[in-house]
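Just below is one structure, and these are the notes that go with it.
All chains are identified by letter, namely A, B, C, D and E, in their written order; residue positions are counted from 1 within each chain.
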Amino acid sequence: MLDVENVSLRFGGVKALTDISFHVNENEIFSLIGPNGAGKTSMLNCISGRYRPQEGSITYDGQDLLKRSINDRAAIGIGRTFQNLALFGHMSVIDNILVGQHHLLKNNFVTGMFYWVGGAQKEEEAARADIEDIIDFLEIQHVRNEPAGSLSYGLRKRVELARAIAIKPKLMLLDEPMAGMNLEEKEDMARYIIELNEQYGITVVMIEHDMGVVVDISHRVAVLDFGQKIAEGLPHEVVEDEQVKTAYLGVDDFSLDEEEVG
Amino acid sequence: MKPQIAATGNGLANETILSVNNIEVVFNEVILVLRGLNLKVARGKITALLGTNGAGKSTTLKAITNLLATEDGEVTRGSISYEDDDVTEVGPEALVRKGVFLVMEGRGILQDMTVIENLRLGAYSRPDAKIDEEIEQVFKYFPRLKERTGLAGYLSGGEQQMLAIGRALMAKPKLILMDEPSMGLSPLLVKEVFRIIKRLNKELGISILLVEQNANMALHVADDGYIMENGKIVLDGTAQELMDNEDVKEFYLGGGGERRSFKDIKSYKRRKRWL
Amino acid sequence: MGHVPNPRPAGDFRTSYIDDNRLFKTHFEKYAAIGVVLLLIAVAPFLGAYWITQLILIGIYAIAAIGLNILVGTTGQISLGHGAFFGFGAFASAWLATSFNVPTLVSMPAAALMTTAVGMIFGVPAARIKGLYLAIATLASQFILEDFFARADWFSGGVYGALADRPDIFGYMLDTDLKYFYLVLFWLVISVIGVSNLLRSRDGRALVAVRDHYLSAEVMGVNLTKYRILSFGISSFFAGLAGALFGHYLEYVSVEGFTILLSIQFLAMIIIGGLGSVYGSILGAAFILLLPQFMESATSIMAVAFPAMESGKAYVKQMSIGAAIILFLIFEPEGLVHRWQQIRASWKLFPFSR
Amino acid sequence: QDSVFVGHLVDYTGPTAFVGKHYGPGVSDAINYVNANGGIDGTKIELTQIDYAYKVPEALAAYKAWSSRGMVAMQGWGTADTEALISFVAKDKIPVYSASYSAHLTDPQGSNPATKKPAPYNFFYGPSYSDTCRALAQWAATDAKEKGIENPIFLHAGDNHPYPNAPKEACAAYATELGLTVADPIVVPMKPGDFKAQCLTIKDTGAQYVYMGNLGGSVVSLLKSCGTVGVEANYMGNVWAGDYLTITAAQAENLIFPSSTPFFGQDVPGMALVEKIAAAGEGNGENKPTHHYIRGICSAYYMMDAMKWAKANGGITGENIKAGMYARQDWVPEGLEGVCLPSTWTDKDHRGLMTVAVNQGSYNGGEITIKRISETTLPRRDDWLGL
Amino acid sequence: MKWDLLFQLLVNGLIVGMLYGVVAMCFVLIYKSTQVVNFAQGEFLVLGAWVCLALVTQMQLPFFLAFIFTLVFMAIFGIVVQTVILRPLIGEPIISVIMVTIGLSIFMQSLMNWIFGNDAKRFPDVFGTSDVVSIMGLNVEVAYLLSLVLSLVIMAVFFWFFRFTRHGLAMRATAFDQQIAQSLGISVKQTFAMAWAISAMVSGVAGIVIGIVNSVSNSLAFVGIKVFPAVILGGLDSIVGAVVGGIIIGVLENMAEYADGQWLKIGNLYTIAPFYVLIIILMIKPYGLFGTKDIERI
């Protein structure tokens, strides 16, 4: 499904990614984990086109992704959510989600202006019906008409997911979908992701810091540290990896004893 | 309604560094977000404020520090007192000078400035600060910041969070309000951040009001806690009391005793309680 | 921009998605809009020459302002060159009509299309430049176009300007102001409907998305470059159309009419009316057009009371325009339309609003 | 007729206010004076003034409003607006007396094949810009001969704007005819500023005779900047660029400029009336009236004399006023003898006056001296009509 | 090629450009600290010139005193403008704020027209400022030389101010995000007032220089528009960029004049060339030569 080969990315002197390779199988939930600044978001940005790696190749569905423009990648079925919310704040939730359908709609500024003739109306209404399913699925009916900018953090994350689903993606990139959520909301979000994957057959690449979630729902995990891949494998294997433990996990308890304090 | 501190007894007044009395906050003159909220922060203690998304936690912190004006919000009822003074109307900069410092949600890093410049601005309210010395002090807590010489906007999430806390230290506050300091941090860093919070509290005696989604961690470091929903406090008590509360366990800490797997939630759903 | 909820009155449930996506949010709004248009049609013959002139100019400026609002309000790109595009439309239509004998009714939309092309050319920098840098780049296009008008004798008559005849419809001359008013009203209604439709369909959404968060808009499949430039094109279309109407109304087109001051006036219209609002554009156009005249009368009256002011009349009028803009923005920074919405919102939320 | 309506365009606040503040009151004071003293044989002139700040669209709007109010004649102002209005006033048959002396306004029937647009209803008092410039070129040629300058160079400096442009080509053609070398014209903005760059270019051309098509602040700036970089040339202004105020502001030395009336206070019979008008009206506030003020009076009086004729010959209408302009030859409005020079308009030729007086003005430590250095009457060449 | 002329134009461009640089810095100062683009910049300039002129000619003050008083006046004026007009707009969209400064410019322009008249008035000679000195063969007004020194000094001071002083840092912080600045204990109001006061003062100085060189008149306000290309070329928020941009525009104008006069014969390439170059440079460098890029992380 997705093949990342020898990707390297630099910002000036900063090496964000060094020689990263991994591949994601069709219909799996693949998690990227690693300490802050490891290059996880940068990796997603390379896949979705925000960044252009200096070296390496990314292949999706047999196509060379790096040759495609950013907006084109949505059209070929790559959806994504963002680490720091990136909704269209002044648009209503519905409109936000409809933007996801941009590449699926045909009407343009000419037919759009002549709404009633030229099929724009029909198409818009069909799209509207379409996204209603997504709204139901993510349980955001009550905020449909609110401007996205006034929603609370958790709801915004959900709307972002809805917007990405509206793209009708085959591959979904999720950047910390559960950050800033409480347990209950995380549970909801986990449920949505699993359902996306199982019911709709969407392949998911997810970045997440909550190890509980990662271990529970992902099929495979890759670990980045300082721009390098330090481990890859099944979730429970990876968490036992010593290198991963020291770089990322630490000891799994709530004690904050002042070991290092001095 | 003015706070009646005398009535609650002098002893308590001394121990309470901050008290929020029945405040109401309205945005854009029409949206009511806080609906009569009460809470107290004990001097030298860590108080956790937990709650669902959109409950109004961030709004509470901004109301305390009087930062709502830029978002077209205002406190329309109730009062806030800090160290026995009514500070409901006191401007944000005066509050910083009085020793109340907010570490904002999303960290509030000045992205187009360097780490050092960010830290220097932390001490803005203290013109007489010995900046260089104090910055070295902060680097003792956050050694990895020292190596970062570029713009703060290019720091990773964890580093930005440390910078935000470091900047708070530069202000030498008596009370720090923290808005989701662990958000987006790796497990290791989450721990480190909480450890630092605990240390600041212990070593420097700074009182802390901690807003968190990571309820487990928060209640572990906190002395007291509040749970808010829909603009109101619905539950309060010592951290231990809260941790033992069944509902809190269910909704914030995850399961009764055993941690349940996220995979099994699909069918499972129990809905809200306290309201 | 603050958020105002837009709750619908109780009982106004929508039963289908069609309802949810109407041009008019309530029946009242729909009938009010139709009513105003009908009223104007009916009343126009009885208005004096003065008011007809005002209405014509308001209509023309409103069309241009609606166009600018697409660029500024919807796509979030500040333009300080709208006046020049307006001028381009005026010159282009006059040029087509005089040099090629194109019938004026055709030359006007044709001029609008030419302006679209020019707008897109000057919009190319928008693919790379953002925010205030872009604003200043559009300032440059204002000056470059002005210079072009002053120099391109073949096109604009150079600094001497060009004649532009009143249009005729198959031999029927629109020679009186009243007839011309109906033409302007026709185009205004078309523009309002067209733009409102645009804003509720795919490309309109894309424009707003580009404004609100262009990075994520691109990831959602919106071609940034295309929409940034397109938005210049669409906005220029309406500028060109309005310019053409303006030229043939005055029957003479002169470089001096399309200075940076006009561009500023257009900006003032949409800000005072309300950014991003079609109806706001119309209100803003009326405000900016009538303000100087109101001030003129006001200062004349004042001059009677204080004869000392007589010599300063012209200045006081100018000053009061500046002052009105300032005061307006201080006390009503989000525009006339916003005030209306706020009144409406609190009225509908009544027991729960403050 | 109890009263007739006349519109009056003025620029008191725009880029040409520098002289507009003098000419405009000349017109209105004269009309008010006549109104106060019996009007046009009993008919009062209802004068409405609009300060259009030299903007063509504003002028157009004012014209439209006025013509629908039944205006019989208009006192206009600038070249750009007057030329823009040519076909409108012709259609509406409203004579316009402009302060624009553009030669483009002088061919009423388009008898010169080179004329772009015939201007049957346009009049002005004084020699056209082209003719004044020709007279200045003549003076330059003579001056060069006297001084023994080998290859005298002539240059036009002015904005790309109808007013400075008006005489540009015509004058260059005649200067060439006179044996002057004509350098490429230099564009100098109408707004004052630092023109050292332009002056360096002027210096580079080696021009000895610089014709300045602008006025007021721009001329002052040009003189200063060119003085700074050391351009050695004779500066010739057009009629609007030469007055004691410009000379003072620029501290000019030997500024050559034309005039078509005597200066205020000079000893001619008609000056008594001018002084009365100035005393009764606003004059120029505290300032001594300039010759622009006096030209304004002449413009108004020619119009009013033509109205008088019209009243006696079928009533004051635009057409009759026009006819009134043609009724006499070499005429001077009553009471202004020696102030307004004898002028002739015919239905084929609106060049009222062909006589140009050339003056030289200097500022020496606060003292202004202006002396007349020549007076030329140009021939009415057919190929010059309208150009 | 006429090297001599070219060289003189070059020198002229450099000198005039320095003055543009000073005005551009006033601009940048306000932008950098308040995110406001001041369209009334030109009017600020003219106001300074008028006030100083009035003090010298009408109050008969010695120039030095008049200069000091002008600075004081401008500082107060800046604070008043900020407090009365801009403070209420804190937090409004940038375009509303732009519009307000445009309104202010319209207001000031006509008020000054009214009070001071619309003719150009000559500045009386002050310590020989209208004398001329020859620099590399080009005669230049002494006032320009003063402005040259001045611009270097101002630039150095500004540079130091924004980099190393706490008020300078506070101004930058405020510009970045007012809420964050407030949370750090910075008084947004004071910071803004200070920025406007400083900018108005420096504008006053520039206005006096320009007034001495060109005579004082309201149309000098066009310098405010002229520096736009300079500011943008340099980068809206770069002090050094302002000066570099000013010099580039100054030189460019003069080179355009040369090309125009020698070969192209267009007429006013001088005024329009900067705008073409502006667009071209922005296409290559969207944030000007030294402007800070927005950090676009997602």
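Everything that follows uses one rule, which is that a residue touches a chain if its C-beta (ideal position, glycine included) is under 8 Å from a C-beta of that chain, and two chains touch if they have at least 3 such contacts.
Keep in mind it's a predicted model, so treat the numbers as computed, not measured.
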* Structure fact -> By label, the chains that touch chain B as well as chain C are A, E
* To do: Please state whether A-C or C-D has more C-beta contact pairs across its interface.
  => A-C
* Just grab the chain with the largest centre-to-centre distance to chain E, centres being mean Cα coordinates. => A
* Determine the centre-to-centre distance between chain C and chain D, using the mean Cα coordinates as centres, and give it in whole Å. => 40
* Structure fact -> Note: chain B sits from chain A at a C-alpha centroid distance in Å of 28
* Asked: Taking each chain's centre as the mean position of its Cα atoms, how many Å separate chain C from chain E?
  -> 32
* **Per-residue multi-chain contacts in chain E, two or more chains** => 110, 113, 267-268, 271, 297-298
* Specify, in ascending order, the residues of chain D that touch 2 or more different other chains. => 13, 160
* Structure fact -> Flagged in chain A as touching 2+ other chains are 50, 82-84, 86, 150
* **Of all residues in chain C, those that touch chain A in their complex** => 1, 3, 5-6, 17-18, 20-21, 23, 193-195, 197-198, 200-206, 208-209, 211-213, 215-224, 230, 234, 276
* Structure fact -> Note: in the complex, chain E contacts chain D through residues 2, 5, 8-9, 12-13, 16, 110, 113, 118-122, 132, 138-141, 210, 213-215, 217, 219-220, 222, 253-254, 257-258, 261, 265, 267-268, 270-271
* Asked: Which residues, counting only chain B, touch chain E once they are in their complex?
  -> 65, 67, 69-72, 91-93, 95-97, 101-102, 104, 108-113, 117, 120-125, 127, 151, 153-154, 167, 171
* Which chain C residues qualify as touching chain E in the complex? -> 1, 72, 78, 124-125, 128-133, 135-137, 139-141, 143-144, 147, 151, 215-216, 219, 260, 264, 267-268, 271, 275, 312, 314-319, 321-326, 329-331, 333-334
* Structure fact -> Note: in the complex, chain A contacts chain B through residues 11, 14, 33-38, 83-84, 150-155, 176, 179-188, 190-191, 194-195, 209, 211-213, 216-217, 247-250, 252, 254-256, 258, 260-261
